[in-house]
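The two complexes that follow have chain A in common; it is paired with chain B in the first and with chain C in the second.
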Partner chain A sequence: MDATKTKIKEILVNDLKLQGVKAEEISDSEPLFGEGLGLDSLDAVELVVLIQKHFGVQIADMEEGRKAFASIEALAAYIFEHRA
Partner chain B sequence: MGPDPEKKDPSLGAESSAGPLPVLLVVPVYNHGATLSGVVRAALATGLPVLVVDDGSNDGGSEGLEQLDCVVHRLPENRGKGAALLTAARLAAEQGYRAMVSVDADGQHDPADALRLLAEAAAGAWPAIIIGARQMVEPTVPKSSLFGRAFSNFWVRLECGADLADTQSGLRLYPLPELLALPLSRSRYDFEVEVVVKAVWAGLDVRSVPVSVHYPPAGDRVSHFRGVVDNWRLTRLHTLLFCRCLLPLPHPRVVPPPPRGATAAVATAKKPWQTLKRLTGEHSSPFWLAVAVWLGIFLGALPLIGVHTVVVIYFSCRLHVNSVAAVAASQFCMPPLVPVLCIEVGSFLRRGELILDLSWQRWLLEIHQRLFDWFLGSLLVGPLLGFVGGGLVYWGSRRLQLRRGRLYGGGDGGAEGGADGEADGAALSGVSGRSGESGLRRGSEESGLSGESHESGESGGSGGGRGLAKRLEGLGHWFFYLSMRLFGHRGGIALLAPVMGCYLLGSRRIHRLSRHYLRRRFPGAGRFALWRHTFYNLFSFGLVLVERGWLGVDRQARLKSDFPHRDRLAAAIARGKGVVLLTAHVGNWQSALAHLGELPVPVHAIMRYDQQAAAKHFFDLRPGPPPFSLINAEGDFGGMVEALAALQRGEVVTIMGDRYVGGPAATVDFFATPVRLPVAAYQLAAMAGAPVLVLLAAQSGHGRCRLQFWEDILPAQVGRAERPAMLADCAGRFSRALEEFLHHHPYQWYNFYNFWRQ
Partner chain C sequence: MGERKTVLVSGASRGIGAAIAVDLAAAGYDIWLNYHSATAAAQAVAERVVAHGGRCTLLPFDVADAAAAEAALLPLLAETVPYALVHNAGVTRDGVLALMPREDWDRVLAVHLDGFFILARMLTKLMLGRREGRIVAIGSIAAETGQAGQVNYAAAKAGLIGAVKALARELGRRNILVNVVSPGLIDTEMIAGLPLEKILPLIPLGRVGRVEEVSGVVRFLLSDAAGYLTGQVIGVNGGMHM
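Coming up: the complex of A and B.
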């Protein structure tokens, strides 16, 4: 789990290129979108693609996406659950 | 105040009445034994002295009243409600009363409402007849009563010009000296109509206040209104009143005429423009405009050679309808078309043959021999044409009124002007399939030039009348579809052209809204050029509406479409990375979407709720499965996650690229002015590696449209920092493609709002 969380944070910083943020500064429970990290819908699309690329996990609709995108923690749990 | 227990022998002395105006409450009764005592008790509770006039009852009804503090006056034989009221009025006047309130004995009125009438009398001009207008909202109100009332109101309005909500109500306040001075001749149920009309003629003020009404369920209702006899009486009365009202003789007045301000006449002569404005605005509700148009066409069709205009003005003034509309409508019957039609019809009626010889000799030199044919034919053609013209005018002006209502009702700024006729399309196609009542009502609420389908549900309803008006409007829609059915889309166009003309002439708003685009598309165009462009723009929009309506009405109808780039789309799909089809609200875009059903992969459309509703309507009616599934643009992230998944499966996603309604956007130049455009499509394509094809469908003639790719964009996958630039670049290419399209099809832009402020 922790490895997944760290990996997600690295993806956010290195691939999504979040500026002015370091991987270790991102808290596990912070919301990804809106308030917290300030990601938007364009980032959401990109994040879906990145998670596919790195973990092979598909988020096909927002039924699933809504809980997966709640925080780093939730996303890690989602990936953990859906990883083959 | 209750009845005085001391007073064993109640007198009718005026001094015992309440308030400054000596008022008597009168209950005329004929065989209403069951309800009478209850009514009298309630009447006494108002504190007014009560007189019961027993109009020769033979059910012993008024016998149970000895215990009550009221006066009963028995008439030896039944002479009718009117006669009973006049008897009561005479009695009351002798006793020094100045006014009386009549209350029906059948219990439909609440006698306490008499006080509301008194309050109204005190608040406005006196003397006046105050009518308690019954609020007929109970489900037990019989339909025949509602119709009878509307019918009576209509004729009273024509005869005396007074717009009253309930001309048949029995709950009224009458001023006694004036009532007795009126030349009344009716004694039964027709009394109530007669008294209103003659009172207005005599210069009395007639007003109404809303009152409650109670209709017991059908079984318990006792009414002595005899259908055939009393309706015949009413018809006869209205005929007489109508004829009297057309006569140019003065009416006897019971109140002194108001001091004639010399100003009115002078102003009329000195200020022709203001006079015209006033005349145009008179009696200009949609319904009464339609009546004026009917009258104008009817009179215009009659063979009144040389005096048409004078007759039309005379009649429209006498009947209190809009004279400008009536005169304008009568011009429609100018020779040769309508007179020839009338003569042909008349000839056919008389001799069973048409006049096929179209020579001067026959039509011009022998016109005197054709006069009777003309007259006979006009009696048939005039009213029918009048209904068509009146219907059209009603329909058109209702549209205008609804939209004005919306304008002032404060719809939200952005969507308010969002006029692309999605809703119209929905209405057009929606009604055709299910021509039931609900379909019509839906249509009538949803259509209108500003296609705000999701708001119009609330605001459209508040804009206008109910009941009869709704049904008439439904009739207008029905007529539109009927003519489409009968005459194909040409019939629709023929009907739509005058409506568009009305918009163009009558609505400043449509000019204001279309100018945002037209000024930029045609820079340097003068006032008149802009006018012309607006007309073409609007007419092109109308054509698309008719086209869509036609597709909905006629299931066999197919748009002939040229799609020269079909192969390019097939090739793009074959690459398996998905395709983003970017369209815009131009041309016949819904038809463009209809063609997507023929693709080898599923098609998804990202749409907002209102677009969905319109599109669903449109495609539900077409045979076969819907051409695409919908992704809700109002979901999380604007449906982008779902759209991405579809693209990754190699499927097609269509998005509207022009309207910005929220979400990510870029500002680019469009006709040399910066505008915000949505950019989600490019990001989706970039992430999926899919191409963006700009597909726009131009209306290219009746029943034809041309689908064409105006731009291929392959958005690059870039980092977060470069992303805005990439998206703006893509949006810029889309904007240039749209400019290019509009360069070829300048009038097919249907965003009737300030697009540059979105």
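Coming up: the complex of A and C.
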């Protein structure tokens, strides 16, 4: 679970190219969108693609996405649950 | 050019689409050549693409059929993310609106607009991560001026203009540029049978256009030189509409 969280943070920083954020500075509980990390709707689409690529987990729609992207913690749990 | 970039061109077996595929191959791109049913014509275009040093992947499917588009494209997209999409596929089913069969309305809107939705949705999802890309929709002067007998076609092409402008705003911050190239009367089989002697006086340049005069603008829109150009409708019509 911790490894998954770390991996997600690395993906956020490296693949989404978050400016001025280091992986180790991202907290497990802060919201990914809006306030918090400040990701936007295009980041959400990219994140869906990246999660599928790195973890083989499909986030079918934005309803699912809203739950999964609530925080690093929520996303790690979502990946854990849906992993084949 | 370093790594060769790939462009998906829809409706590229004939006319303007074929010229775009060949022109882009000459400019150094590999081509994913979509067509619906004209296999022999598409193979001839593919040979010209290869002769210009481009790789060409033939993709026969109906752009209005999402399942067919996914079956053809998803395996390719797992390996390659195209740099650009040129949505050129189009059909006409002309006739006065009062007598237009419902299927002629539906089909023309489906090829132009459903096709754009299906292809652009699939590609932009992956283009986002690249932080660069180009989308060009081929419009028509009929959308800008209106044309009797083409209510369906004009509506479909005008729909592309709205879609392109909205998408240009959506994707601008990811450096994906989205534009319309809007041809006037171009020398293809689509204008065969038109009364040119009546139409030519309306065109300041006094002649119909050549397909290369449209494909050259598409080629420019895919180039680095067009890096600050998005959300625009570029008329290629000999001055027929200004």
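As a working rule, the second predicted complex is superposed on the first by the 84 of 84 C-alpha atoms of A that agree within 3 Å, B and C clash if a C-alpha of one lies under 4 Å from a C-alpha of the other, contacts with A are read in each partner's own complex, and residues count from 1 in each chain.
The working rule: contacts are C-beta pairs under 8 Å (C-beta built on N, C-alpha and C of every residue); 3 or more make two chains touch, one makes a residue touch a chain.
Keep in mind the model is a prediction, meaning the values are calculated, not measured.
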item: Chain touching more of chain A, residue-wise (chain B, chain C); value: B
item: Touched partner set for A:D2, first chain B, second chain C, both or neither; value: neither
item: Touched partner set for A:L18, first chain B, second chain C, both or neither; value: first
item: Touched partner set for A:A60, first chain B, second chain C, both or neither; value: first
item: Contacts of A:V49 with chain B and chain C, given as first, second, both or neither; value: both
item: Partner chain in contact with A:E35 - chain B first, chain C second, else both or neither; value: neither
item: Those residues of chain A which chain B touches in one complex and chain C touches in the other; value: 17, 42, 45-46, 48-49
item: Chain C partner contacts - residues on chain A that touch it in the complex; value: 15, 17, 42, 45-46, 48-50
item: Chain A-facing residues of chain B, complex; value: 635-638, 640-642, 644-645, 663-664, 679-680, 683-684, 687-688, 719-721, 723, 727
item: Complex contacts: residues of chain C adjacent to chain A; value: 125-126, 128-129, 131, 170-171, 173-174
item: Partner chain B, residues of chain A touching it in the complex; value: 16-19, 40-46, 48-49, 58-62, 65-66
